[in-house]
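Shared between the two complexes below is chain A, which pairs with chain B and chain C, respectively.
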Partner chain A sequence: MELYIKGINTISPVGSFDNIDNLPEIKATEEGLKYYSCIEPLAYKEIINPVLIRRMSRAMKIGIASALFCLKDAKLEMPDAIITGTGLGCVEDSDKFLVSLIENEEKMLNPTPFIQSTHNTISSQIALMLKCHGYNSTYAGRGACFETGILDASMLISDGEASNVLVGAYDELIQNQIKILYRLGQFRNNNTIKNISGNLPGEGAAFFVLSDKQSDTDYAKLVGMDIISSDNFLTENICDFLNKYSIELKNINSILLGSENFILENSKYSDVINIFPYSNLLWFKHLCGEYMTDSSFALWLASNILKTQNIPEKVIIKKNNTSALDNILIVNKISGNQTALFLLKK
Partner chain B sequence: MSKRIFITGIGIVSSIGNNEKEVLESLKSGRSGIGISKTLQSIYRDEIPVGEVGLSNNELSQLAGISVNISNSRTALLGIIAAKEAVNNAGISNINEFKTGLISSTSVGGMDKSEIFYKEFTKNKTKGRLRDIATHDCGESSQNIAKNINLNGFYTTISTACSSAANAIMLGARLIRNGYADRIIAGGSDALSLFTINGFNSLMILDRNFCRPFDETRSGLNIGEGAGYVVLESEDCVNKTGKTVLAELTGYGNACDAFHQTASSPEGDGAYLAISKAFKSGNIKPEMIDYINVHGTGTPNNDLSEGTALLKAFGGKVPYFSSTKSATGHTLGASGGIEAVLSILAIRNKMVIPSLNFKEQMKELTICPVKQKIDNVEINHVLSNSFGFGGNNTSLIFSKV
Partner chain C sequence: MDELIEKLKIEIIEALSLEEITPADIDADAPLFLDGLGLDSIDALELIVLIEKKYGYKIQTAEEGKTVLYSVKSMAEFITNRQKL
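What follows is the complex of A and B.
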């Protein structure tokens, strides 16, 4: 897997890479349940036809706008394939249709939210707007949905089926879902949380243009990705993974962890950090919150760090070296008992 | 030359049978599984016919060999039954012996349970049993199936509406060809839900009678439920185990119609592209296809679009074709998996499966589906089409070995 990242974009709670020093605002529902919410672009209509915007849910707006901004960033008009990953898809439309079918007792239902609730709505809408007849797919639900999208893109490229693939992820957060997530115990409301925690429901969209052709304007090179399906032998699996790409543990400059906290001792990442005593320890969930496709935010952040050669203060947990910033390993424990690994090089 | 992909196991549960054997009997006798639902709590129960698996969730749990106390979604239960059958059918005793993964697909996942939860939750946000919403996401059924077939390896979930399971099979083959896996269990599962019944009803594409694919009088689809999985194995893997090969997956292709979110283009551009890609990937010429298991939903739009694409792809000489959705109903995210199993059964049993309820030739087309079962036909290659919302079109080619 040697993929060059040509273009990137995110619509996220923290906004742009330049804005990372201003941590995202923590919002709260009427019951006081805390969450993160995307900073949405003010001018959607610059990138999406205003006639279409009116009918779109927020997931569609953030997903489609992020994809189109990403293509612009890559200076690419037509990708060869479009792949998306999403945890819960267009959850606002699913919720709307479900509520209306219950409240209206199955009568006189508006089909629009049903149509838009389909998980591949966004990959299809992007294709429709671009008139892109190429390969199109969507991975959904817990587990490696965004990561499978990356794997799929890498196979399309290595098989010669595509040279530029638009791949991304999106998840929106709605009020009913926040209530359910807290009731399920996935998050705990803690009033002591002031302004720095990743242990809150979040949301976001992030898109990438991946290609096999190298150029001076690339963000980074994605050298490898793997999905570990069990917590047992995680550190051994990480060692095997790095071995495959002939890179030694001590040569990993920085690891970007999916920890929801900056205290790593006795956390679910403590075994992982023990094998990387020389690497800088970074985190990202306090910038976007936690959602099923948050690996996509981590990939966006790591790509920016490598391109700008700048690690923003706010993402550093511990600086363990001052050597050249030439690679980043992302380790993110995702939903469904899987761990995603991404190895990026300058 | 690409690595060969063999199918060594199949598993199915649908309105025409709870396993391969029962389904084959139904196909032979021309039995339809479409009728009035026993379990759906819908105001349309007596009005809208469906292809229901005639078992309660408790009975499905027993069939799946799992505890009835666990609050599993119906999608997961159907998936566990069919995936387990596929694994057994392939004679796999230790699933983790080779690098094995699961690619499962669904369109609405645990929606049947979410509906129960939302009934209480919409009235009071502190109400609703949490176990009924914990299975909402599409990945839950995949994780559940993986656990129940004792898989330690990779699993993932595809959700591209009605082409989902065909895309799962295609991804499985590509993972094996690229060396990421030796063996993949691929397919899909979808249960009947108020959500999908009402969704398609609000789109006014549900037939109040038995659906009539490719018939001039067709007026919509019948929704069905079920699951279908295949076991895909690399040639190396088959050589090592000396297993019986049921069929080979020789071609696949996916393309986007990019015409409309729900409707297909009148020219069937996306369908034509997907079929053409499948021919190309398998190095198969149109005249080599002996039977087409069409997408054939029975909606006015799909059948015209698909029929037009077939005429173009086959240069007017369209082989035998039928829509098995006339018997099973349209099983949405599972349909590509169920129809893969039916395509393989057609090859194995030298039988062209008929399309039920066809009477009147479509005016716009010069072709019509097979009305009666045809026996003793040497079927070397089957084309199976699956098309979904968003113009997501996938074609697979299964071949005799």
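What follows is the complex of A and C.
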């Protein structure tokens, strides 16, 4: 896998890369349950037809806007393929549809939320807007869906079926979902440290143009990606992954961890950091919260860091390495015992 | 009838999320689809649900739907005629 990242965009709780030093606002529901929500673009109507916007849920707006901004960033009018990943799809529309189903005793249901509640709404809407007749696919495998989308893009490119692929992910957060996530014990409200936490529900959309052709304006090169499906032998699996790309552990400049906070002792990443004593330790979940496709935010962040050669202060847990910033390894525990690995090079 | 037309305009704006349109912008006689408000087939389904939910009258056939959903006035006429039965 050697994919060149030509364009990127995210709509996230932290907004733009320049804004990272201003940590996102932690919001709370009426019951006091904390969460992060996206900073949305003010002028959707400048990029999306107003006739279409009136029906769109927030997931659709952030997903489509992020995809269109990404294409603009890559200076690409028409991708060869469109691939999206989403953990739960358009939850707001699913919520509306199901509530209406109950309230109206399964009669007189409004069609719009039902039509738009499907997971592939966004990739198909992007294709319709661009008039893109190429390959179009959506992965909805909860935790690993964005990673599966990247894998699909890499196979399309390596098989010569596509040269430029628009690949991205989106997940929105709604009030009912926040309550359910807390009720299930997935988040704990009292674990913010100095009012910073990566263990809060979040949301976001991030898109990338991946290409087989290198250019001077690329953000980074995605060298490898893997999904490790068990916590057993995780460190061994990481070593094998790096061996595959002929990189030694000591040569990894920075690792970007999906850690819930900046205290790593006795965390689920303890074993991982032990094998990287010479690498900078970075984290990202305090910028976007935790959601099923948050690896896409990590990939956006790492791409920006490599292109700008600047690691924002707010993402540094520990600085161990002062050598040239030429690679980043993303290690993100995505769901259950699965861990996603992304290796990026300058 | 005029009162019903004004009420329908407000309900249509709300049901179809026509955020930048006011009741005054809607010509009661103008076609709702294509030339007029530029509504489409999904909107047609929403309007059928609106009439059934708010007024309790069901549009029975596609042909009837074309006549009833032609304009706000034709929708009001359909509801008024049913109320008289």
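Criterion: the second predicted complex is superposed on the first by the 339 of 346 C-alpha atoms of A that agree within 3 Å, B and C clash if a C-alpha of one lies under 4 Å from a C-alpha of the other, contacts with A are read in each partner's own complex, and residues count from 1 in each chain.
One rule holds for everything that comes next: a contact is a pair of C-beta atoms (placed from the backbone, for glycine too) under 8 Å apart; a residue touches a chain by one contact, two chains touch by 3 or more.
Values in this document were obtained by computation on a predicted structure and should not be read as measured data.
Enquirer: Does the superposition put A:S197 against chain B (first), chain C (second), both, or neither?
Expert: A:S197: touches no partner chain.
Enquirer: Tell me which touches more residues of chain A here: chain C or chain B.
Expert: For chain A, the partner with the higher number of touched residues is B.
Enquirer: With the two complexes superposed on chain A, say which partner A:R183 touches: chain B (first), chain C (second), both, or neither.
Expert: Only chain B; A:R183 stays clear of chain C.
Enquirer: Given the touch rule stated above, what does A:N253 touch, chain B (first), chain C (second), both, or neither?
Expert: neither
Enquirer: Contacts for A:S303 in the overlay, against chain B (first) and chain C (second): which applies, first, second, both or neither?
Expert: The answer is neither, since A:S303 touches no partner chain.
Enquirer: Kindly classify A:R54 by the partners it touches after superposition: chain B alone (first), chain C alone (second), both, or neither?
Expert: second
Enquirer: Quick one: classify A:I115 as touching chain B (first), chain C (second), both or neither.
Expert: In the superposition, A:I115 touches chain B and chain C alike.
Enquirer: I'd like to know which partner A:G143 touches here: chain B for first, chain C for second, both or neither.
Expert: A:G143 contacts chain B only, not chain C.
Enquirer: Need the overlap of the two footprints on chain A, from chain B and from chain C, as residue ranges.
Expert: Touching chain B and chain C on chain A: residues 109-111, 115.
Enquirer: Flag every residue of chain A that touches chain C in the complex, lowest number first.
Expert: Residues 50-51, 54-55, 104, 108-112, 115 of chain A touch chain C in their complex.
Enquirer: For chain A, which residues count as touching chain B in their complex?
Expert: Chain A reaches chain B through residues 82, 87-89, 94, 97-99, 101-103, 105-107, 109-111, 114-121, 123-125, 127-128, 130-145, 148, 151-152, 155, 158-159, 176, 179-180, 183-184, 227, 229-230, 292, 335-337.
Enquirer: List the residues on chain C that touch chain A in their complex, please.
Expert: The touching residues are 15-20, 38, 42, 45-46, 49, 52-53.
Enquirer: Spell out the residues on chain B that touch chain A in their complex, using ranges where they run on.
Expert: Residue list for chain B touching chain A: 42-44, 107, 109, 114-115, 118-119, 121-122, 125-126, 130, 133-134, 136-140, 142-143, 152-161, 167, 171, 174-175, 177-178, 180, 194-195, 198-199, 201-203, 254-262, 269-270, 273, 388-392.
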